[in-house]
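Labels for the chains are A, B, C and D, by order of writing; each one numbers its residues from 1.
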Amino acid sequence: MFEKVKKMIQQNDRFGQLLGVEILAVGEGSATTCLKIKKDHLNAANVVHGGAVFSLADIALAVASNSYGKIALLTNGSITFFGATKVGDTLTARAEEVGGSRKLGHYRVEISNALDEPVAVYTATVYRTGKPLL
Amino acid sequence: MFEKVKKMIQQNDRFGQLLGVEILAVGEGSATTCLKIKKDHLNAANVVHGGAVFSLADIALAVASNSYGKIALLTNGSITFFGATKVGDTLTARAEEVGGSRKLGHYRVEISNALDEPVAVYTATVYRTGKPLL
Amino acid sequence: MFEKVKKMIQQNDRFGQLLGVEILAVGEGSATTCLKIKKDHLNAANVVHGGAVFSLADIALAVASNSYGKIALLTNGSITFFGATKVGDTLTARAEEVGGSRKLGHYRVEISNALDEPVAVYTATVYRTGKPLL
Amino acid sequence: MFEKVKKMIQQNDRFGQLLGVEILAVGEGSATTCLKIKKDHLNAANVVHGGAVFSLADIALAVASNSYGKIALLTNGSITFFGATKVGDTLTARAEEVGGSRKLGHYRVEISNALDEPVAVYTATVYRTGKPLL
């Protein structure tokens, strides 16, 4: 199932493709994604755009929360930034489920740089629609 | 000043350009951006990607918080989603300052669709570095 | 219905009673609460405790989201502080629904001081259990 | 230093005293607090009040972020709830620093029940004033 979910999302997540996000691993309620930072990910202050880091983390969340084969949709996400990133660096986002019920799932995503230093933390809640993903 | 900031960000925000975000207006601590939703903004469930909506809102925040001509960097952002969006729809994000001090600025960004229905709300805090943007 | 909900919560919310929170008004998906700041609400730095302000806001949310007569439970809450408060000041929290679906409700709560200056903003999502409150 | 900070906050945090929060441990950027749930902590739906859990977590944050002997003030806090608690249960909150700079500190606080099951997660950012606490 996990490989099927990974393949399905990799092929159909056009926003992830536009940004260049890769899915590295999928498990039960968990996922890892990465993004090599290019100039296209920078903002006007020449810093990696918050939206690029959020998107990387949100894709890890999406894969983790859809790992059960049912569609789960983001309802709340909170991100905190505490480290800078440069062009050429590769960011990795690791999502894991921290709790949940039949209808809601709660996730924590840690984003780190190539030196494994923490760059941001993303906490998010999804609504489990129950509809099949595949 | 506001027009200069708008022009500077429009020309140098490569991530905003990659996504197709447009800056419509800039004022003192406020800004409006918009994004026409294309297939590139969808996720594997064929829904607009959370990262695309976040990025649109975050660019409105960036313009609003840099409107004073000094660089302000995102430290905390919380987004809540409560409406779906389709391909072809145009999303608008309106950012305004709700409070702050010398070092921190607090913003609220409302995201709505072409019918002016609310789609998401983004609350964010920036750190004011004091460094000139221009 | 609104008066019944208000009375029921006022009589049974023991935590609100412990803190001294008053419910001023209830409407459809909206509510107003207030709290007169006493020494008991201060932290070790002699500033109003974040937990006291959060609780005031959260009670406004609870009343607003239970105004339909069904039990709704908090799942996610984000609070941002940007103003200080002194002993003797009265804080007011105004909650209103900004969106939602059958199962989820999204609320915004603005907290202001006696001069109507903004002190904090609270954004929260509740899960609608469907169980009767009364 | 850590014992001094612990003692100072225990003696002067009147809101923590009102609720019955105990400080169990203080380390460099970390702290543990606990709260025995009584009827006074319940809301009108007979569930532990979100404000009581938030306050417990926020006191752990306050102790952890003041552990350096300088006053740090909460600017942003996000809490996610995913477990219920009963009267008689004891909740424990463990705060640790996950990142920061000279002016900002970022913390994660995990709240669990007596069976060490996760009940809530609190992510928060403080502003470091630099003023001495003691």
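Keep in mind that, in the parts below, a residue touches a chain if its C-beta (ideal position, glycine included) is under 8 Å from a C-beta of that chain, and two chains touch if they have at least 3 such contacts.
Predicted model, so just to flag it, every value in this text is computed and none were measured.
A count of C-beta contacts for the chain pairs C-D and B-C puts C-D on top. Rounded to whole angstrom, the centroid-to-centroid distance between subunit C and subunit D, based on C-alpha atoms, equals 20 Å.
Centres computed as Cα averages put subunit A at a distance of 32 Å from subunit C. Note on chain placement: the centre of subunit B and the centre of subunit C lie 28 Å apart, centres being C-alpha means.
Contacts with at least two other chains are made by residues 75-76, 78, 80, 82, 104, 125 of subunit C.
In terms of which chains touch, the assembly is arranged so that all chains touch all other chains. Residues 8-9, 11-19, 39-47, 49-52, 54-56, 58-59, 62, 66, 71, 73-82, 133 of subunit D touch subunit C in their complex. The residues of subunit C lying in touch with subunit B in their complex are 76, 78, 80, 82-83, 98-101, 104, 106, 108, 118, 121, 123, 125.
On subunit C, the positions that touch subunit A within their shared complex are 75-76, 78, 103-104, 125, 127.
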